[in-house]
Structures are given as structure tokens and as C-alpha cells.
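Next up, some structures in C-alpha cells.
You will see chain A twice below: alongside chain B first, and alongside chain C after that.
So, the complex of A and B:
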């Protein structure tokens, strides 16, 4: 039984990182109807930017802060102005293709600059081990889980409790009415992109010590996050958290009790089951097609 | 008159035929097929850098038989299909010898091409089966699992006095070959394998396999995975507080693994065929020069690539002409001494299959560095 809890707990830590990336998916979708298939690379790029700042001698917190600024500018503003805005008026397909292209470009760009080898990344948390009822918990696992949960819940609270957050939600629900109510729609959409960029930086900070900084680290992360977002419900931010944790935990359990070879298939199986039986996701609401 | 004319015509024809080949023979072409991306990037990049460094040195010293080496580099993406295609291309480009791929799964596929074209092929692959196909053109740059694993098994049985062992391996050609070899070698020395744990290439989360290793409660753990996965496994083992000896073969204590795993690598023990920390002046020279050129310390794959080129040089010089078939034939049974050919770093000999034999080491990671615990003599000297 302790084994089971051990697996569940370390799965939750991994899952909370999927949740961060998945939250970005749902936010962008809700606010602007963008599906960003470069979401995994949005986590990979900040990892390398942090390494770059760190090599110039910046301590980790400063490197993180600077990276957030760069990410909001590039992954937020430039991504919105350069790719999302011009392409969205042609429907969903061009943006899907464009973000897939972006992910390939980002991966190969990093590979050309940093080589294809994995680079070590300093852990945010000290190497401390706790044993609770036979279950070994590291400070890194607990820290990751708490930090990720805090970010997801913080984003939730921001959306639900602040004027800006509510305005953003209004934009997501009905752009026309929001405009009529005097909300600055483009600015609210930019905020969403900016939040997505910061969440990606936070995910990078948490995930890279285990994933190692490598040009293709975003590949599986992006896919898992996408599954998590669909499983939890694409139009619900809490769904992203639930979906992420479900994927993380079930992967770990499958690796131990079925076979490591089927680990990656589990997320896909749950994904298919959800699509078949509850297409709007576990926490999602049915949305009638807008005409 | 007719005779003279005929001779003239024949000579002219011969010259015309020889013309292009003389021009082509200016440089000795070495085609490198390396894992520069994908799961094998660390191994492939090191191997490539080693070859590159040796080529530069040899060219600076006047080449082989007065001819310069020309080194071409191609990325197999750690994909056997791509490797095979690149091998065909290398042959079309008239390569004199092929270096790489390093991954066993790739060389197993690509060497069919070099064999068909009768081009000597040096590989970093360690799967035992590579040299068991009767291919006269394949040559190793390191030990095969069949020669390395008995040394590891002997260490586990006699050095650690372990009665039973857990084997954790990566589910690819390299890992499966190693697992079969170690299982056999352990059985031969009377050590029991109590758990046999398969992991994936590119696996990120090692909590499940480590949990199973702990649950088996054996005297020691043998880990046989590629670089990144070794680092993750070591981290997870430390995290879950695994306190039995962790033994590996070559990869487990590699430079990249130590760099990626950090403190978690301390205490890991491995048998290595090659290490830059070997107490050997030629190795120290190699280590310093490699660091100067590439700004990091080479792992065993760098040494493999480097010495491989010098083995080829020794064979060509022995034959005295650029004849692929003769060079391959001369390599079988060749003994090269480091005193005469310093580039091979350690005395080395090849057998009829293309397998090599030389001294090897048991190393332990201490304070983030490999330390040589024991020097093991070549198998032939036992």
C-alpha cells in the first residue's frame, strides 16, 4: 500500500506540471479561440533562457524574473501579434498549422544553438527527503505540487475575483457584449497571452530539473498537457488541474502495475474514453456552436 | 610500329582510367554517421568529437601514407532507418572507411550496407550480436557486452560478495543485449537475478522502476541504461533512499551522467573499458587536448572515436596501400602497441570477429569524479 501512495504522490507532482501547461491551453482557447500546439516548446524555451541568464551570472530568482519579462514580450505579445492575430480571422486550422510549425522551428533553433544534448538545470528546492508512513517524499516533489497548485488556484482567483479577471472572462464568453460594455477586448486577450507565458516559465522552472533542459523536452509535455486539457474540459480552468493530475497519476500507476511500455498509452486511452463518453471533458460545459 | 602504337594506346587508356581515381585518392574519405540528435545525442556527439580530433591531429602530422583525411559528418537522429540511408550515401561518396553509428540498434541495420560494399566500419556499439554475424568489415572501438559483463559479474560476486542482484535495463538493442549478457555472466558465477526491470528509452519518471528495485530487496542493483536515463535513475534511487551498491557498465559513471545526476551519482560503481581518468600519460594528454578543443571532458565515446581513427591508421600503414579489403583483413588479429602508435592510448588487439581486447577498469564516482578503483588485465592475459 505504501508503494501505491508513493506512486500516487510522485504522479501528482508530475501531474501538477502538466496542469500548468494545460491551464495555458484552456486560457488561450477561452480568451481567443487559439489552440497552441507549441505549448510544450513554450515551456522548453524559458528553460534555455533561464540557463542563458544563469551563465551570465544571474542568480536563479533573478534569472526567473528576467525570463518572465522576456517570455511575456516574446511568447505573449509577439506570439499574439505575429501569429495569433493575423491568422485567427481565417479560422482555427491556419493557427493550428502555424503553431505546429512554430514548435518545430523552436525545437530545431534550440538544437542548433545549444546542441542536442541534455543540460543539467538547478533544482529550485534543496535535496531533502521526508518519510511519512513509509512514503518517501522529497522537498522537490512537495514544493512542485504546492507551487503548481498555488499558481493554478491563484490564476483561478484572479479570473473570478478581480475586475480585470472578470473582464477577461466576459471577453471569453461573449466578445461582442464585452465590447458594448466598454471592455478593452484586445488588451484583455493580451493579458491572457501574458498569463500563459508566465505559467509556461513557472512550468519550466519546476519541470526542467527532472526533464533536463533538452531541445525536445517540450514534445511529450505539450502532448500530455493537451490530453490533460481535453480530459479535464477545454473550457474550464479547474478542469486543466484535474486533467493534469489524472494523467500524471495514472501514468505512474500504469508503469508500475501494467508495464513501463504502456505508460504513454494511458493518457491516450483516457483521452479517447473522455472524447467518446463526455466530449466536453470531465468538468467542461456543453457549448452550442455559435452561428 | 604497331607494337609501339598499341603500347601507347594502352598506356593512354590506362592513364585516362586512372586519372579520376588518382584525383579522388588525394584525400582518404572517412564518413561519420553519428547520433547528433535523439536519444543517442550524448554518445554520438562525443564519438564525433573524438574522431574529429584524431583526424585533425593526423592531418597536422602529414596524414596517412602522405594523404590527408577528409571527415564528413552526418546525423542519424538515432534512427536506424536514417543510419542505413546515410551508410548507402557514404558508400556512394566513395568513403574509404565508415565511423559510427554508435548505437547498437543503428549499426546492426546500417552495417549491412558497408559489408556489401566491403568498406571497413568502426562502431561504438556494444551489443554482443554485432560481431556475431560473420561480417568481416565490422570493427569495434570498445568492449563487447560479452567481454565486459563477465568482468562486472566477477566484481559483483567477489568484490561485493553479493548473492542476488536486481537488473534494471533499457528496452532497446543495447539494453536487452546487456541484460542477456549480464544475466548469463551472473549465473556463471553463481549470483541470482531476483528482479528483471525494463525501462523505456527517454523515460522521465523512474519512481516506478526504482520502487520495484527496492521491493526486490537484493544485495546489489545493476543499472544498464543510456546516459540521460542513467542520470534520472540515479537521482530517483537516491531520492527513494536506496542504500545497496549500484553497479553499472561504462555508461552509469560517464561524464554526462555525472554532470546530469550531480551528487546522486556519488557512490555508483562501474566497469569501464575506457576512462579519461585512467592512470596513463597518453590518456592524460588526450583528456587535456579534448578539453582544450571542446571545453568539456570527453566520455568513453570520445576516446572510442579518437582511438578508432588511430587503429585505422595503424592498419593502413601496415598494409602500405589504400586497399579496403587488405586493410580489413590486416585488422583481424592485429596487435597495436601504444608505444609505437600513441594515438591508440592503450595496447589493443583485434580478434577474427572484429572484437577488441585491452586493459579495463573498475571505477567509482566520488565527489563528482570517476576514480579508478582497480585495473583489470586484458582477457587474453588471464
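So, the complex of A and C:
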């Protein structure tokens, strides 16, 4: 039984990282209709940028802050202006293919230009073990979970409580009425892209110590973020958190109790069931068919 | 078909017939590889380009076709028995995969098919008794046709070319029939199509099933072409690549897959000079291409036509305006 709780807990920690990537993904979709197939690479790139800053001697917090700035500029602003804005008018297909191209370029650019090896990444948390009621918890798991939860809830609070956040929600719900109300729509959409970039940096900071920095680390991460976003509800930000934790916990339990080879299949089964029976996601709202 | 496109088709066909004998074995192999993907993406073009569905699971059918033929041939059956079985299997599974499309649309559908692809891939990788797991199945023989062995690279190439032309002609017939028009009606406005009496459920399912059959045939040809299969060419990544090929070539353009597969299969080979960077160049090229031509390569003629028409219209307006000016 203690094993079970341990697995659930570490699954929640991993899942909360998926939730960060999934949250950015859903925010982009809601605000602008952008489907980002390079979401996993958006986590991989900051990991390498942080390593680069660290090799120039920047301490970790500084490296993280600088990386966030770079990410907002490139993965936020440049991505929006360069790829999302020109392509969104043409529907879903071009933007999907362009972000696929982007992910191929990013992955192989890092492989050719930097290294094909896995690079170690300093952990944020000391190597410490707690025992609560016979269950062993590592400080890294606790810290990851707390940090990721704080970020997700912080983003939530920002969206729900501040004027800017509410304006962003208004844009996501109905762009035209938001314009009529005098909301600066392009700026709100830019904020969403910026938040997505920062969340990706945070996910990189948390996930890289265990996954190691490698050019293809984004591949599985991106898929899991998609799964998490769909399971939780694609048009609901809280859903990303729930979805991420479901994916993290279920793959941990499946690896231990069913079979390591089919570890990814459990999240997949949940995901298929959700798509077929409650396509709006566990927490999502139904969207009616429009003529 | 207009006269210009007939001429273009004739030229392309002449090139496809005449050039490969001049190439080395690897070149012939690449051409065959390309045509196999043309067949697969023709099917995907029907599903996403004509019927307007979303599918990121096409490589699963490609894999099902390849494994069906390989397993049956290992069991001692002929290719010509394996091929119809693969086609039938893909048709039935394609109908089943179409089912989610009746409930969900757009991106949800894309992810449902992506999930299906992952599931199929997991089975290929893990069920060693059936698929050989990561070791795959090797020594798959090439088929013979009317007692004629197709084992030489060039002979097999012509066989694949004949299949591609045959399947292309069939698809052309299908699309120009009232039946095919119903697919585009479904894409352009499902609710209007329904009110005009198109059975949208049946057509949605069929668009997946027929697309799947094309992928299955392509998979069967692929297995015999490379003579060794493993799960790697049938991942979600491969499905995404096929989707990319269709969109880059021009979704909903009949000859889109021909160009799109060339971009997806041949372009990376030409980019080999960039060595380690070639996939980076490829990815960047795809992004640029989408920014330049969001509707795909084959939208170029349409664009030129639209530009000429607007120029002629503005010239006509100018003439009319100057006439009015002269009269007053």
C-alpha cells in the first residue's frame, strides 16, 4: 500500500509538469486558435538556453530569469508575429504544419548545432528524503509539485482576478465583443503567448533534472501535454491541471502494476474514452455546432 | 481535365517511365519509395483534403497493411492473397476509426486518430509473437506478377508505378462521380450537405475507410520494397509527416500528394549536403513554405490566375473610367 501512495505521489509531481505544458497549450488555443505542435520543443529549447547561461557562469535563478526573457521574446513574440499571425487566417491546417516544421527544425537544430547527447541539469532541490506514515517522499517531488501547483494556480488567479486576466478571458470567449468593449485584442493575445513561453521555461526547469536535456526530450512531453489538455478539457484552464495529474499518475501506476511496455497505453485509453464519451473534456464546456 | 493539366500529366508520366533506368539502384529505390508515399498520401488527401476530416493516424494503416502482408507471406501465403486481406482489414478498421469523427470534429478528431496510431504502434512494438517486436520481420520477398519475378529494383519500381497510376485513376473517377462530389460537399458545409440529402455519417466513415485502403496498399508495397519492417516507420511522427506532405502539396488538389511526397521523401535526400543540419533545413523550409503558400504548392497556378484576373479587371475598370471621363 505504501508503494501505491509513493507511486501516486511521484506521478502527481510528474503530472504537474505536464500540466504546465498543457496549460500553455490550452491558453494558446483559447485565445487565438493556435494549435502548437512544437509545444514539447518549447520546453526543450529553454532547457538548453538555461544550460548555456549556466556555462557562462550565471547562477541558476539568474539563468532562469534570463531564459524567461529570451523565451518571451522568441517563443512568445517572434512565434506569434512570425508564424501564428500570418497563418491563422487560413484555418487549422497551415498552422499545424508550420508548427510541425518548427518542431523538426528546433529538434534537429539543437542536435546538429549543440549536441546529440543527454546533458545533466542541476536539480533545484536538495537530495533529501522524508518519510510520512511509512511513505517515502523525495524533496524533489514535493518541491516540483508545490512549484508547479503554485504556477498553475497563480495563472488561474491572474486570469480570474486581474483586469488584464479578465480581458484575456473575454478575448478567448468572443473576440468581436472584446474589441467592441475596447479591449486591445492583439495585446491580450500576445500576453497569452508570453505566458505560454514562461510556463514552458518553468516546465523545463522542473522536468530537465530527471529527463536530462536532450534534443528529443520534447517529443514525449509534447504528446503528454496534448493528452493532458484533452483529458482535462481543451477549453478550460483548470482542466489542464487535472489532465496532467491524471496522465502522470496513471502512467506511473500502469508501469508498476500492469506492464512497463504498455505504460503509455493507460493514459491513451483514458484519453480515447474521454474523446469518445465526453469530447469537451472532464471539466470542459460543450461547444454547440455552428452553421 | 483541362488541356494544360493533361500535358503536365503526360510529361510527368514520361519522366517517371524514362528516368529510373538511367539511375543507380539507390535512385530507383528512392523513386519507388516516393511513389509508395504518393499512394498513401492520395488516400489521406481524400480524407483531409476532399472530405475535410482531420487525421493524424494514417501511418497506422500504412503499418497495418505492411504487417498484414509481411505476416501472411511469412506464413507461406502469396503477396496476392496478402494484399486483399490488408485492404479489407484497413477498410474495416478505417470504418471503425471514422466512428469518432461522427462525434467530434477538428482538433479533437486529430488527437483521437493520433491516439489510435499510438495504440497500433504499441501493439507492433510489444507483441513479439506476432510482429517480431523491435526486431521486426525481415526477408520479405518481392511478389511475382503472372509468373514474372519482380525482385529486381527496376522491375519492382515499374510495378509500383503501375499501381500508383491505377489507384490514381480510380481516385480520379471516384472524385468526379456524384459520389465524390458528396465528399467535397461534406467538407465545405456539413449541415448544408445533410439538408441536401447527403448521408453525412456514411460519407464521413467512407472517407476514412477509403483513405485507409490506400494506405494499406501503400504499406503492402512498402513491406515488399524495403524487404524488412519494424515499428519505426509507423509511428505518430510518420503520420504527422504524411499530414505535412498532403498540406504542403496542397490539400484538396488532386496532384498535391505527388508534390507533397516529393517534399517529404526526396527533399531530405537532396538536402544531404547539409549533413547534420539537413533536417533543420527541411523543417525551416516547411515553415517558410507554409508562410509563403498556406494552401500548398499547387495553389501557385490558382494564385497566378487570381492575380491575372484582378489585373485584367483593374485594367478594364481603368478603361471604363477613362471612357466616362472622355464622355463628360
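Everything below uses one rule, namely that the second predicted complex is superposed on the first by the 288 of 291 C-alpha atoms of A that agree within 3 Å, B and C clash if a C-alpha of one lies under 4 Å from a C-alpha of the other, contacts with A are read in each partner's own complex, and residues count from 1 in each chain.
Simple rule for what comes next: contacts are C-beta pairs under 8 Å (C-beta built on N, C-alpha and C of every residue); 3 or more make two chains touch, one makes a residue touch a chain.
Keep in mind the model is a prediction, meaning the values are calculated, not measured.
In this overlay on chain A, chain B fits alongside chain C without clashing.
Of the two partner chains, neither chain B nor chain C is touched by A:18. Legend: residue contacts after superposition of the two complexes on their common chain; A:261 is shown touching both chain B and chain C. Once the two complexes are overlaid on the shared chain, A:86 sits against chain C while remaining clear of chain B. After overlaying the two complexes on the shared chain, residue contacts for A:109 are found with chain C alone; chain B is out of touch.
When the two complexes are overlaid on their common chain A, residue A:96 makes contact with chain C while staying clear of chain B. When the two complexes are overlaid on their common chain A, residue A:272 makes contact with chain C while staying clear of chain B. One geometric descriptor of the composite model is the angle centred on chain A: between the Cα centres of chain B and chain C it reads 70 degrees, in steps of 10.
In the superposed pair of complexes, A:223 makes contact with chain C only, with no contact to chain B. More residues of chain A are in touch with C than with the other of chain B and chain C.
Within the superposed three-chain model, A:64 lies out of touch with both chain B and chain C [touch as defined at top].
In the composite built from the two structures, the nearest CA pair linking chain B and chain C is 7 Å apart.
Looking at chain A, you'll find residues 111, 261 touch chain B in one structure and chain C in the other.
Those residues of chain A lying in contact with chain B across their complex are 3, 6-7, 10-11, 14, 111, 115-118, 120, 127, 129, 131, 136, 138, 210-212, 214-215, 220, 251-252, 255-256, 259-261, 263.
Per the touch definition, chain C reaches chain A in the complex via residues 48, 54, 100, 103-104, 106-108, 110-112, 114-116, 118-119, 122, 125-126, 189, 191-192, 236-237, 240, 243-244, 247-248, 251, 275-280, 282-287, 289-291, 294-295. Of all residues in chain A, those touching chain C in their complex are 29, 35, 37, 82-83, 86-87, 90, 92-98, 100-109, 111-113, 219, 223, 226-227, 230, 234, 261-262, 264-265, 268, 271-272, 275-276, 279, 289, 291. On the chain B side of its complex with chain A, the touching residues are 36-38, 41-42, 45, 171, 198-200, 203-205, 207-209, 211-212, 215, 227-228, 231-232, 235, 238-241, 256, 259-260, 262-263.
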